[in-house]
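All chains are identified by letter, namely A, B, C, D and E, in their written order; residue positions are counted from 1 within each chain.
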Amino acid sequence: MSATAVRRNEEPELRVVPARYVGRWVAAFLVVGILGMLVFSMFTNERFHWDVVGEFLFAPPVLSGLGKTLMLTAVSMVIGILLGIVVAVCRLSSNPILSTAAWGYSWFFRGTPLMVQLLFWFFLAALVPTIGLGVPFGPKLLEIDTNSVISPFTAALLGLSLNEGAYMGEIVRSGIRAISTGQTEAAKAIGMSRMQTMRRVVLPQAMRVIIPPTGNETIGMLKYTSLVIVIGYSELLTSVSIIYSRNFQTIPLLLVAAIWYLAVTALLSIGQYFVERHFERGFTPIKGKKPPKPGTSAPAGTVAASAAAQNIEPELEPIK
Amino acid sequence: MSATAVRRNEEPELRVVPARYVGRWVAAFLVVGILGMLVFSMFTNERFHWDVVGEFLFAPPVLSGLGKTLMLTAVSMVIGILLGIVVAVCRLSSNPILSTAAWGYSWFFRGTPLMVQLLFWFFLAALVPTIGLGVPFGPKLLEIDTNSVISPFTAALLGLSLNEGAYMGEIVRSGIRAISTGQTEAAKAIGMSRMQTMRRVVLPQAMRVIIPPTGNETIGMLKYTSLVIVIGYSELLTSVSIIYSRNFQTIPLLLVAAIWYLAVTALLSIGQYFVERHFERGFTPIKGKKPPKPGTSAPAGTVAASAAAQNIEPELEPIK
Amino acid sequence: MIEPMLRARNVHKSFGHIEVLKGITLEVQTGQVACLLGPSGSGKSTFLRCINHLEKINDGELWVKSERIGYRRSGNSLHELKENETARQRAAVGMVFQQFNLFPHRTALENVVEGPIIVQKVPKSKAMREGMELLDRVGLADKYKHYPAQLSGGQQQRVAIARALALKPQLMLFDEPTSALDPELVGEVLDVMTSLAASGMTMVVVTHEMGFAKEVGDVVHFMADGQLVESGSPTQVLENPREARTQAFLSKVLA
Amino acid sequence: MIEPMLRARNVHKSFGHIEVLKGITLEVQTGQVACLLGPSGSGKSTFLRCINHLEKINDGELWVKSERIGYRRSGNSLHELKENETARQRAAVGMVFQQFNLFPHRTALENVVEGPIIVQKVPKSKAMREGMELLDRVGLADKYKHYPAQLSGGQQQRVAIARALALKPQLMLFDEPTSALDPELVGEVLDVMTSLAASGMTMVVVTHEMGFAKEVGDVVHFMADGQLVESGSPTQVLENPREARTQAFLSKVLA
Amino acid sequence: GGAAEAEKPSAGENSAALFKELPEKVQKSGTINVASNVEYPPFESFDTDGSTIVGIDREIADELEKQLGVTMKFDNIAFDAIIPGLSSARYDMAMSAMSDTVERQKAVNFLDYFSAGGGVMTSTANAEKLKTLEDLCGTHVGIVKGTTEDADAAEASKKCEEEGKKSIEVTIFAGQNQAVLALQSDRVDAFLVDSTSGSVIAAESKGALAMGERYQDLAFGIVFPKDQEQLMGTIQKGLEAIKSDGSYDKILTKYDMADHSMESFPVNGVKE
């Protein structure tokens, strides 16, 4: 009854057939089919007026609107993310006033329509005609006319960033919560301060969780910027609506906007893919990928090895 | 050199003084101060016309608008979340067609302005006057008038849910990614199928990460619903704007809307707190809370024990 | 000839260009307790994971009873199994992970009954009763309501053992099941395992405890560097090792 | 009298209504290797965590050298320390966790040099060189580029040990540092620890390996049920235990 | 010359007729800030370059500039922002083809400058069938958010019910464009719109849409916050001046709107 006595009846070379999931493939083909039909009918439907689309796709007002959209999105997302980190850290702080203040911030800025916030910042003068520097509730030392400080662009940035900060705060908080306490304890145990623990241990790992919803926010922001029309700042969607309110070619001009949004979204998604991959390092262990031929006696680790070889040699990340 | 020889010089009772973080408290008071000033100036500023606010706060059109807002938000979030789970699972699927289709869905619906999508669904008739059931690219078997199928409400729901599904897909995906492979392996090892693993092991844990951004989406949706005005469906913000465009009392009526949004947001945040707490079970080990008096010889584990006692007795969660 | 419970033939496994298993060939008979010994990084965990198809092997064959793990042969083709078929195969094999991998959102008892109720569709009350019995056997009846984060390392390990046993598998794979246990508990867990072995359960146990291997093991397999160096009865392998590599390993073992 | 490295007086710790430490009083002299033995769930890990202020104690005092852990006395008041002061205290104490808690997003070497570079501001090149030396000492020089998920259990544990050593702490806390190691490696890690002890480092080691305690320990503390049952030299505690509880525990230990 | 001076007014030696009557603040800054929602041809829209504002309002403003000796600076903002903009003093007045109504007069002052009123727009096919408000019983009617036609439709609907006919179903759209789209896709049968912009849309539609007759006589007014009496008075004088020198009517004729011309420019002239 030796356990090592192994049956050695030689088998013929066996062909490996991967598993087939018929249901999934049917679903997949259905999806592709419906998509194909939609695209087909879109391109052949004359009501879309593709000629008008072509005419305005690169029109200067459209391009300048796109530029403003991108600028507003970029700046307000950067400020929003930084604010979000601060808000999240405050919310998770043990100081009850700080955490309540952070909660209140999230509540207030998520709870008021962005339009109202934009109007508020732009027309601050209606409420506070002068911005005063001075003792709270006491005498003012310096007074400036609010309207002169807050340009439409400033108001748009203020409104968008403060609003975004409230949303990002929740996203960052969810990311931080995803990190096990073992990690923070290990960081503490090597003597890291709270800040260092956040910066070196928690946030880099939380990024995996934070990035996809942040992508959502960025892509959302691209579109929210159109709200700044209420304060007379015209970005992409406003630019096209100015055109179609003149020539009534609503559908083709909305298509122009949609095409640009889709293009930017695609670029952002690709960027997101690479950022995600960067923060994925260390989390997805190399799986042997497709094994070449189990059941056969081909020299193992040739195909699979070369396929995964670029993964196994991780760059020695420079310590910043 | 016995290690157990312990110095036993009796010390007097020592008073424990918790750590004070002066900087944080200053920050906290600053925040509260500024907030107080804002609230103070809001309630005293006559331009807010609080009398008009009071007059319209419970006006029937406002309430009916609120009702529509809540309904649209609820239904489209439910559909959106379910869609999101499907999209996320497809994106993480090994079937390349499915994962590409899911990516494409996210790209398309996140990439087109919601307004365009709503217009598209509502004015499908302008593009596709009849909906035909039949062989793709072949003859049609059944034709129905598009307008009769798609009411403003249907169009609004279609637009909002499909859009939301794309965003939720990313959020759910980030949640699933946050669960370590050890968990799925453990589930597989006890023989769970993919579905069971998702439902019983991955999603319940992912919820911790999914909930905060979903809260964001819900609160966001509350406000996005105002976009359905483009297809003539009037919810809260539209209802008030119809009123103020008649009487030009813009600021107080926007305040009415803001008050309602803030109220609903507060309710949602409280709800979210309880949902989060539910899914937090098992993740935050009981920390001994505030120790009563280290350094003194008071009988240990009295105050702290009773304070945390309600936590330690976890309910035996019924297995569904 | 009685069919062996586990049969591995020339199993190869690589991660990228690193070959971790370099052709493992062994059999474990039904009712046997096979101990897997070997230095750290020799591929013991990886081998267990391959048996449970948590890793796809690159070459060779793995059979549990008459089933080929992960594939079905028809004619001269090997058809990769679908996920639900793999799941069925896995349900017959229990596994205790080196890192435990308990479900953090479920209490000790819920961790144990999850498999029986969800996978095997055992009635809830029966599963609960049996789960409590198992927890009792590993000395944790009073901790049944605790979440894993509220348990010490050794307690977690015992819950993991109970969870795997709850499925009453034909074959149990233990990856260092006593690493976090104190000597007293090792004895208790050992008792549990011996009674399992007596009840006919087949076990593959990765362990570093020589004493454990001697007491419970029917066979000892010594692995080093991805290869099976030596197999035999505990006394033979542990006391009179044939191979130089085994001798070197054992010579360093503390008394 | 020379000041002891670690001094615990009447340390109490409760989780909710469960009292896990019921008044631990002990001293560890500078340069000593103190082994903590005891059954699972007796509070060994909790005690180590209290020393490093990862858990707040409910009552009693803990001193590392002349510093009271977590508090500063002035007059008749105990002022709780601020976080950055606690961080400074912790930097002098190294800890190896039972669950390793390696940083998954950093390679083995990066895990090791993180503390020196970020906390102690050691120049990067110097830290890298010393980190590689440490990895070499635990036999992992060739795995320096691997992420924790690509390492076996024993390899992870050794990286965790190297990470703690990299900070050159005065006091090292080891929570079962050899649980995932094979006997061969236990010997190697032991060598590392003996040389550390020789270089004057004080260590508190929770372990289940009697052999380990005998070889390296200067003192053995036996804990059970949250209390310190018996302390003494390894030979005395392990071979001639005075207390009944210790005798019961040791009687079950496998040969 | 005088025109150049009007372009670049410098306080102190401004020779424009009405300059001295302007509020001191405006005299000093040399500009009047005008809020306008520039999506409403023919009153205001952007020229093809996307930045120059053109239309009746702009041309009237050009004429007024000559009389006042200051620049009238138009800012494009959303309709929702016009009132907050006025009450925050960011804008001095609003010119955006706003209908003067009694209800709105409670919040702001109107200086009426254009006679207007709602009309019924339909597809050409329905043009004969649906001409007046009375014809609309039992139909589906689109309206633009923020216009006064809202109230007209409600009233007409009530009348239908009183006469025992089916009521009017009303849908309010965000803007003219969506309402037109709804008309084109048969979502609505008719679109109640101010007759001026209605006729422009009908003209642009290449015969697909038809604009009916005006069914009421209202007025568009320049909007002033309640505390800008002095500025309003000056602008009123300015309007009278360009009426008497004929340039006001020239502009209206140029845009085919001669029949909308007003004889005098009353403050809050609409009384019901």
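Here, a residue touches a chain if its C-beta (ideal position, glycine included) is under 8 Å from a C-beta of that chain, and two chains touch if they have at least 3 such contacts.
It should be emphasised that the depicted structure is a prediction, and the values quoted were computed from it without experimental measurement.
**Q** From subunit A, how many touching-chain steps at minimum until you land on subunit D?
**A** 1
**Q** Quick one: which chain's Cα centre is the longest way from subunit C's?
**A** Here the answer is chain E, farthest from subunit C.
**Q** Using mean C-alpha positions as chain centres, tell me how far subunit B is from subunit E in Å, no decimals.
**A** Here subunit B and subunit E have centroids separated by 42 Å.
**Q** Where the CA atoms of subunit C average out and where those of subunit E average out, how many Å apart are those spots?
**A** So the centre of subunit C lies 82 Å away from the centre of subunit E.
**Q** Measuring from the mean C-alpha position of subunit A to the mean C-alpha position of subunit B, what distance in angstrom results?
**A** 16
**Q** Send over the residues of subunit A in touch with two or more other chains.
**A** 21, 115, 119, 126-127, 251, 284-286, 312-313
**Q** If a residue has to touch 2 or more other chains to count, which residues of subunit C qualify?
**A** Residues 15, 83, 99, 150 of subunit C touch two or more partner chains.
**Q** Could you tell me which residues belong to subunit E and also touch two or more other chains?
**A** 80, 84, 87, 175, 178, 181
**Q** Kindly provide every pair of chains that touch.
**A** A-B, A-C, A-D, A-E, B-C, B-D, B-E, C-D
**Q** For a test of understanding, state which residues of subunit E touch subunit B in their complex under the given definition.
**A** Listed in rising order, the residues of subunit E that touch subunit B are 79-80, 82-84, 87, 101, 103-104, 106-108, 142, 145-148, 150-151, 171-175, 178, 181-182, 184-187.
**Q** Which of the residues in subunit A end up touching subunit E in this complex?
**A** Checking each residue of subunit A against subunit E gives 59-61, 64, 115, 119, 122-127, 129, 147, 229-232, 234, 239, 241-248, 250-251.
**Q** Okay, in this complex, where on subunit D does subunit A touch?
**A** 49, 52, 54, 83-84, 86-88, 90-95, 97, 99, 101-107, 109-110, 113-115, 117-120, 124, 144-150, 163-164, 167
**Q** Going by the contact rule at the top, pick out the subunit A residues touching subunit C in the complex.
**A** Counting only subunit A, the residues touching subunit C are 1-7, 12-19, 21, 285-288, 291-298, 300-301, 304-306, 308-309, 311-313.
**Q** Using the touch definition from the top, list the residues of subunit D that touch subunit C in their complex.
**A** Touch residues, subunit D against subunit C: 15, 37-41, 45, 98-99, 150-155, 158, 175-176, 179-187, 190, 208-212, 215, 248-250, 252-255.
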